[in-house]
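Look at the two complexes coming up: chain A is in both, with chain B in one and chain C in the other.
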Partner chain A sequence: MSHAKTRLHINLQSRKKLFTWARGITALVISLIFFAPIYWMILTAFKSGNEAFTATPSLFAMPSLENFRLVFSQNDFGRALSTSLFVTTISTLLCLAVGASIAYPLARVRMRGQKHIAFWILSLRIIPPIATIIPLFLMLRAVGLTGSIWSLVLVYTYMNLPLTIWLLRGFFADLPIEIEEAAFVDGASRLRTFFNVTLPLSVPGLIATGLLCYIFAWNEFLFANILTGANTRTAPVGLTEYVTPVSVEWNKIMAAGTLVVLPVWIGALSVQRYLVRGLTLGAVK
Partner chain B sequence: MQTQPTQGCGIEFNKINMIFADGTTAIKSLDLSIKQGEFVVLVGPSGCGKSTALRILAGLEQATGGTITINGHNVTDHDPQERDIAMIFQSYALYPHKTVFDNLAYPLQVRRVSKAEIAEKVSGIANMLGLTPLLNRKPGALSGGERQRVAMGRAMVRSPKAFLMDEPLSNLDAALRVEMRGEIRRLHRRLGVTTVYVTHDQVEAMTMGDRVAVLRGGDLQQFDTPQKLYEESVNMFVASFIGSPAINLCMSNFNHSTGVLQLADNYIELPDDRRPKVGIDGEVMVGIRPEAFNYRRDSEHDQSMTIVPNIIESLGSELLVHFEVAAERVPIEMTAAARSANSRLDLDVNRSKTARFIAKLDACSGYQIDQPAKVWYSTDHIMIFETGKGETVLPSKSLVAIADHPPSN
Partner chain C sequence: MFYSLYASFFRWNLANPANARFGGWHNYNLILTDASFWNSVFVTVKFVSISVSIELILGMAVALLFFYRFPGDRFLRAIMILPMVVAPVVLGLLSRYMLNVQFGVISFFTEYLGLGRIDFLGDPGLALATLIVIDIWQWTPFMFLILLAALQGVPEDILEAAKVDGARSRRIFFDHILHLIRYPIAVAVAVRLIDAFRVYDIIFMTTRGGPINVTQTMSWQIYDAGFKSLDIGYAAAYSWLMLIMVIVAVTLALKLILGKET
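Up next is the complex of A and B:
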């Protein structure tokens, strides 16, 4: 009897182990599939001109910084990067500031048709950008903003605001209301409570939402391509310049691509713990 | 330091009505007058409106009718910030991102108190509540009892006009709850601040309150001292809500002309001073507290009842003897049976021919399961309720007399 029990126990244990291994390997394979293009990009970025074009491409390369040097010296990609950085950062901060001040009353103040208003705001996000681009262009031209980086700041804020409001509303609504009520009873006004209690407690949500805004604005190509001039192009627009009627400069595209991915990558990694918490807590309500 | 007694305030609910947006009535015309420095408990089963009443008093909820006065000032339209009251929430509602020190300091910071004074007051409160070693921790790193004390400290730090407490002990384990009960009472005596305390636990209400307001479905049933609630309950709901184990109830008959009450097989002739003053005749409901039973005869007027114990629970110093009585049960909707899952009335929705009774008797009484034995009770402790609304027509006399009577050998 006890022998059979032990055997069963061992059986169960080995099955558990097998399952763990299988799961690990599956995860690894899936990760590899997703990581392969990124690896290819980084690899090619570090390859010298000829190495990148060999018939049987190598999986490893002698790293050379030549492509990065060319990208910065010939095409002034640094300027495009800093434009992107500026536009994205300012529009993200604007989004969070405006979004939080709209999301909070939607989450907390009881009013008629509250849910409809919130859904209407989200529905703005559903409109395809291509549909709004001509009216936007005409409006921005009328106020003389085309070609200026402020036009992009405005457009990105407008583009990301609906999602920001939706996510932050869910996040605020999930904060226990008693904590705010405790602050009221302690003598704090609604505004003070918002700044002293609600906002600090919403930091994970703000970071998660901010990161999403940042990524959307950073990657945006369509508006940037139409609304910027030669001096105000952003990094995604800058990338297209390596595709010329004569040739496609893969090495440079890959080097510039690596530079474009880097800030978002570092940003996402550094706030990863907030990202998971922020997106699971309250955001999906 | 907060150790000097602070003047509390008088609180008055005048005809407070509360109807929620969905049409449910939470409170019906509540009148309650609370004296300065008094410890008042609002008690009742869940959904009776006690928490809503407290939230209206705090200003967190706007009543649909009536006025609230604190210290003679009408504060009905005031925001919570302007009422100068402190509240302790069931969930404690501490600020999770602030340290204990900052949690305690926040009400003072909001009032722009100087840093030196804040440090002094916070350390005074922390000393008093034993929180000094925890000042740099965040609420997440504290135990339930510690959080509870921080919540109390935050309420006390600015000497408010009144403390409002919304089931502050319900998240603690039983032993800690009893300890904190004592601590809250001690603090109340020391500070002398008017306190309104909400609970669904009648034991907590009885042990803590100077006066207790029993609510049912938004209606105030009775507002009295714990002793009065116990002995002179205004109706069967209050009688069955107060006391643990709950009062024994059964249907019965009373003959007005002869003064004879039929309780199960016993015909009891009530003495003149124990007859209902209202002209009641025929079917009535009778209640006897478990504590009113005795294993021996104390006076020659005592009545006896032969019982067959079917369960005996030992509490160490006392026995809870369960037995059945050949009388119909009372309609459950008239009692507070819904208040707790462990109430023995819960299980029996239908009226049946036998009512279940519990007698609380001395451990030395030696009752045995299935062994017929006698229990004694005095007509002084019989309560009679009319069958219409369950109003009390004959309250009990004080049971204290029994306790004070020295046992004979």
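Up next is the complex of A and C:
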């Protein structure tokens, strides 16, 4: 009797195991579909010119770094990358500094209309960038900033600020207020408490928010395309230069594309946990 | 923004800036009676509605697949993150390369399958569908991550009840679980709707509105008017019409998902 019971139990367990395996394999196949184009890009980046243009593509290649070398030596892409690096870094730091100083009071001081902040942030997102670009362009032209790197720094800071404030507010609000009160009791001023206690404790939040700002600014194309001049191209704009009516050197484009995407991937994977929270404006924790 | 509202009432062309003068509703009249405007409204609505709804369904399916743990799920989930942070410019170029008629890997497959080499981006009947597929590739992972996070927040006892096989679990899923995660679903759909309306980079890198005008979305036309024809007033008025459309679409979607509570 108990024998039959055990057998039933084993049966159920093996069925469950089989089910887990089936799900795992389906998930693997789906992930592979999503990964395939990325693999193809990286693979092409390591291919020679002839290999990239064959009618029957090969799945593997003798890896060569030739394309990456050419990308840096011929097309001035290194310069575009460093412009991008400069613009995104400065705008991210600015965003964090301004964002933190607005978000902290929002998280700690109770006031009326706090619930509307979420709506305000969402509504700023609703405005399509294509609708803001024209007035922005005219304003920047009026102060003579078009074509300068600083116009992009300004625009990206402005673009990422709502999200930064929103996320940092969440992180600050999560910190136990008791720690700050303890510092108060010890005689620290509000400002000192913020810099010596609150900020160090919220470093993970600052890093996550900063990386999100970084990703958005790094990938941005529309503003960069319109606001930069020949010497101030960012990496995404630099990429478009490879496509000429005469020839399109795909293997070099893919090498340059890989260089653009790689840092973002590393960043995104390291803040995986916060990515969802950031992308949904904190609707999902 | 207010500057653009102001500009939208002017006949103002940057090629001839001294000649800016007040035009009243002139720009709006011009747009609303233009057949190409209605074409791009149609194209945009098609693009946005099809891609967002497929992303939602696919994302939900994949999220359910990943919900119960299996070996290696963390690694696969990390892989799923990669598409959505690929710069749209890079993705546009990549899809152009992969879809190339002569040496693209996709045309190789279609030929292998006996379909011949297909010009996905150049065929007026296929170009928009191709852009939709590209959008789905990039953004289904986004839906997936949000829905997975939402599912993981559902209370344990409801999930226990749903574990029992058969028709009952399906009913629990549709009646209770979907209802419980309606708020994250609404936010995800709203964010995707907003972003899909602004699709631009991909079109810039692939079809540029063509062939003929089958991929001319509203955001592309605004760019065209503002920076090619330099007709600032027209572009500004167009932007306002588009903004109204986005707001209407998002409100409708939220009403549909959240029901009467909003």
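The criterion applied here is as follows: the second predicted complex is superposed on the first by the 262 of 285 C-alpha atoms of A that agree within 3 Å, B and C clash if a C-alpha of one lies under 4 Å from a C-alpha of the other, contacts with A are read in each partner's own complex, and residues count from 1 in each chain.
Assume a contact is a pair of C-beta atoms (placed from the backbone, for glycine too) under 8 Å apart; a residue touches a chain by one contact, two chains touch by 3 or more.
Keep in mind the model is a prediction, meaning the values are calculated, not measured.
Q: With both complexes superposed on chain A, which partner does A:130 reach: first (chain B), second (chain C), both or neither?
A: Only chain C; A:130 stays clear of chain B.
Q: Contacts for A:178 in the overlay, against chain B (first) and chain C (second): which applies, first, second, both or neither?
A: first
Q: Counting residues of chain A touched by each partner, does chain B or chain C come out ahead?
A: Looking at chain B versus chain C, the one contacting more residues of chain A is C.
Q: For A:257, is the partner it touches chain B (first), chain C (second), both, or none of the two (neither)?
A: second
Q: Looking at A:23, would you say it contacts chain B, chain C, both, or neither? Reply first, second, both or neither.
A: In the superposed model, A:23 contacts chain C only, not chain B.
Q: One more residue to check, A:144. First (chain B), second (chain C), both or neither?
A: neither
Q: Looking at the overlay, what does A:218 touch: chain B (first), chain C (second), both, or neither?
A: Touch partner of A:218: chain C, not chain B.
Q: Across the two complexes, find the residues of chain A that touch chain B and also touch chain C.
A: none
Q: Along chain B, where are the residues that touch chain A in the complex?
A: 58-60, 79-81, 85-87, 89-91, 93-97, 106-107, 110-111, 154, 158
Q: Please give the residue numbers of chain A that touch chain C in the complex, ascending.
A: Going through chain A, the ones touching chain C are 20-21, 23-24, 26-28, 30-31, 34-35, 37-38, 40-41, 44, 52-57, 122, 125-135, 138-139, 215, 218-219, 221-222, 225-226, 236, 239-240, 242-243, 250, 253-254, 257, 260-261, 264-265, 267-269, 272, 275-276, 279-281, 283-285.
Q: So in the complex, the part of chain C that touches chain A is made up of which residues?
A: 1, 3-4, 7, 62, 65-66, 68, 70-73, 76-83, 85-90, 93-95, 97-98, 100, 102-103, 105, 108, 137, 140-142, 145-146, 149-150, 153, 183-184, 187-188, 190-191, 194, 197-198, 200-201, 204-205, 219, 222-223, 226-227, 232, 235-236, 239-240, 242-243, 246-247, 250
Q: Using the touch definition up top, name the residues of chain A that touch chain B in the complex.
A: Chain A reaches chain B through residues 176, 178-179, 181-189, 192, 196-197, 200-201.
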